[in-house]
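Structure first, commentary second.
Per-chain residue numbering starts at 1, and chain names A, B and C are given in the order in which the chains are listed.
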Amino acid sequence: MIWAICKNTWNQCLASRVRLGILCLVWIAPILQNTISLCVQHVFPEALYSQSNSVALLVLIVGSGCIGSQLNDGTLSLTLSRPLTVAQYVMSKWFAVFVASSVAALSQLAAEVLVSLTRTPALINPADVLTNGAERVILCVGLSAVLILLSSLVSGVKDLAFFLVLSMVASLCVGIGQLKVDDVPAGWPQLAVSVLCPVCYHIGQAGNFILGPMVDLSSLANIPWSVVASYFAVIATFLSLAIFSLNRRELPYGAE
Amino acid sequence: MPENESSLTIEKSGIRIDGLCKTYKGGKVKALNELSVSIEAGEAFGIIGPNGAGKTTLFGCLLSFLRPDKGTITIDGMPPDALEVRKLVGYLPERLNFDKWMTGREFMHFHHELSGLPRDVRLSRCDELLTRVGLDPTSWTRPIKKYSRGMLQRLGFAQALVGNPKYLLLDEPASGVDPAGVLLLRRLLKELKSSGVTIILNSHQLDQVEKTCDRVAFIQQGKVNGIENLQAGPAHDTRFLVRWTGFESQIHVDLSALFARHGANLIESQPEYCIFVPSGIDTIASILKEMLTEGYAIIQLTPEENRLERYFDGESKKSPEDKSG
Amino acid sequence: MAQSEFVSTKHDPKMLYVTALILTVLAVVGNLLDENHPEGAPKLIKWRTISQARVESLQKHKPVLYVFSANWCGPCKRMESIAFGRRDIANTINKNYIPVLVIDESQERGKNTPAVQKTQKQCNVNSFPTLCVVPWNLLDADVEDVFSTGNEIERNLIARNLPYAEAFESGEDKDDVSERATMDVLDYYRNRVPAHVGYSTPDDISEYLFQCNIWHRLPPSKGKIHWGPMPTLDASGKPATQSPVLIAFVEDCGVLSDKMRLSLFENDETSSLINRDCKPVLVEVSKQEPSQEAIALKKRFAISALPAIVVLLPNEKPIVQDGFTSKKHALQFLNRALQSRK
């Protein structure tokens, strides 16, 4: 793990005004929403703390283009000319992204708890807060690994677009997999449906999990080991793929 | 076996490039074609060649950014992608793409830290390097996006020197630098060379190369087409220009015969000057002596052109018979 | 051979690659095992067929719970083994509903039986798993009809379950009653219970069934709590007694009040807790014409939304929770209010 790379990533994120602005907006939106429903509308939201979608957004904003933008403006070659391995570089980037996004996610949770404390102090359950916090960190760690791979494959912030396209494809696959088919003619169309639909469904479900790797901690005693294995498999595989692909990549050098 | 050991050590140091091949676009573009060259430790080695010759590709392979299809490169006996080699090599890229949001000082500190060097000397070492390359101290705290081309060049050079490298790869170091900067660069390179740093210089500015380097390789179409040893005097086939006043009509001397007597080749003959290629440096004096005796009022004798320019001049390839007469 | 001694900057971390491979294999195996859950999973729910359920529902006037599933659907399998394997969920289903497991076979066989097709259409099923509760008197109607404004069936349904039922049937000014009924219909609208789609945790299923109990609820009950009279309060609102006083404010009709009744009053655990640890007082607030006493009490404890719970402790400020979000929150509130005394 290279501390210099981590600090560089954090500073780079902070240096971009656009990124910082969008991050603040996304960070404050759920807090404002909760505050308005609690204090102004006197409507008690079912879930006191925002869910995983907002955390995923935070990770995407913090981490998009962390490697890609260096590929883009040619600074990656200079960085990798120093005595560090590509594996160290990738792991440091991952660490930097997930720490930064975890900080954002946990601070958002803290702010939401503060708001709820002023209005509905009796409804704050420390166990709930801890669980939500742990789930947020778990999502940050997992999604950062996914983002690191995407960022190492494409330049600039195209990894964001890549991510969105993959999400849509996953949803599409799930949709195909759940097609309600009526009166399919027997023979090869029926065979195709019976093979294609489950395959699409599983690919879609796998895709959805990969694009938001999470372990649900709400019933701690009942966490299926397959989910835990899947989660760590996603992280290990994606980081491996990132290192593998960067190792074999020819870095842009000159115009010839 | 001290002899074997020392020869091994000698063999291990320096850069050996052997049979390097690199193609692009699935084999259609041959950037490097069996390129072989040997660079000794401690020497200043220049690389020149026309655009598209493969110089940049060579640098890319030396820094292991590009993977050659065939051939080997060793730097101090190690492959170019070894971790140890990274500690020994500093490089100044041609394209000065630095993180624009960092200040000059932050950039230096970043590379100092990346090189694994101790924190306690960081500030002093980076400041020392920035001063050495002549970067104005007021700009050290300014973001890099505000730097001019010349400032970027200096910063890049400072960054190359961060790890006290044994090998310095410089790609167009004087491009965009003002004359004062060029002089500073030349002085710096001299200092570095005297402290034992091996310098590999890729430049289009031939006079720069000539003044700094010990040897120069001319690369064309992915191959080394000639190595000029600048430490030896002018090459035996350097062309000289001799100029005189007075009218040739008063002097009836068969110049070509005169030159032929001394084993020299008359390339071009004009009323007030001629160009010849002596067979050896030592014959020039006797040629001049005879011309003076014949009555030529010689006012100038210089090598006709920059010796490296020859490589770029198609003329040098033509035989004297084609040119004279 | 000398080259292998040097650590390359591009060296592949083989340990990481091997770990990733092993974990991936484990994950795939685990997920496959999950989907084809072992035969030993408890079959606690007494499933009926579609036709059996229809007959039984009309006979007993109990709503039917359709569980739409498919063989290729992983979450359905998980739901069946985990959620329906839980005793409390299985008991609720067996007690309050007539459960039917409708399995979609259109991918394997090309099409479903007419009965399955009709039921899926009725409940507007698009993905799996879907749970849908259909009341006995709507077994032949499109469930969507139930959610359309002004529909006669819906009014009947609501009217039957509200205090207005009597007024409605006794022939009181129907327009007037209908208007009041409509207001409550709209109240119900905001909290209506659609079908439940997808599966993530057993608690979701439990919550859905809880909501369904409201929709198809029995008349409002006071539950198992031994309500007592309002004790005398001193000027600062503190009770004279030593044990805490729990004042429950509920509306005579309203979904949130109904939820609170179900979750606190009719629940064994909470009702015994309340009976044991405090003196409970019930204040039923009429929605149409709230009594002066009720209004005064609301003002005294600064209650802005109903239902509400006020816990009065002997030497402390009253603890108020107005509004109701979920059963879970109500339980939490109660536990903390009563524990704070200890």
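The definition used in the following text is that a contact is a pair of C-beta atoms (placed from the backbone, for glycine too) under 8 Å apart; a residue touches a chain by one contact, two chains touch by 3 or more.
Given the structure is predicted, the values throughout are model-derived calculations rather than measurements.
Q: Where the centre means the average of the CA atoms, what chain is farthest from chain C?
A: Chain centre farthest from chain C's centre: B.
Q: For the chain pairs B-C and A-B, which is connected through the larger number of C-beta pairs in contact?
A: More C-beta contacts join the chains of A-B.
Q: What chain lies closest to the overall centre, CA atoms only?
A: A
Q: Could you please state the distance in Å, as a whole number, between where the Cα atoms of chain A are centred and where those of chain C are centred?
A: Centre separation, chain A to chain C: 31 Å.
Q: How big is the gap, in whole Å, between where the Cα atoms of chain A centre and where those of chain B centre?
A: 50
Q: What whole-number Å value describes the gap between the mean CA coordinates of chain B and chain C?
A: Computed value for the inter-centroid distance: 81 Å.
Q: Among the residues of chain A, which are close enough to touch at least two other chains?
A: Expected reply: 80, 83-85.
Q: Of all the residues in chain B, which ones touch at least 2 other chains?
A: Residues 83-84, 86 of chain B each touch two or more of the other chains.
Q: Give me the residues of chain C that touch two or more other chains.
A: 7-10
Q: For chain B, which residues count as touching chain C in their complex?
A: Touching chain C: residues 64, 77-79, 81-86 of chain B.
Q: Can you check the complex and tell me which residues of chain A touch chain C?
A: Per the stated touch rule, the residues are 42-46, 80, 83-87, 120, 122-123, 125, 177-186, 190, 193-194, 197-198, 201-202, 205, 216, 218-219, 222, 224-227, 229-230, 232-233, 236-237, 239-240, 243-244, 247-248.
Q: Would you tell me which residues of chain C are touching chain B in their complex?
A: Touching chain B from chain C are residues 2-3, 6-10.
Q: Considering only the defined contacts, which chain C positions touch chain A in the complex?
A: Answer in residue numbers: 7-13, 16-17, 19-20, 23-24, 26-27, 29-31, 33-34, 72-74, 78, 82, 104, 106-112, 117, 120, 125-128, 200-203, 304-305, 319, 321, 323-326, 329, 332-333, 336-337.
Q: Which part of chain A faces chain B closely enough to touch in the complex?
A: 2-5, 8, 11-12, 15-16, 73-75, 77-85, 250-256
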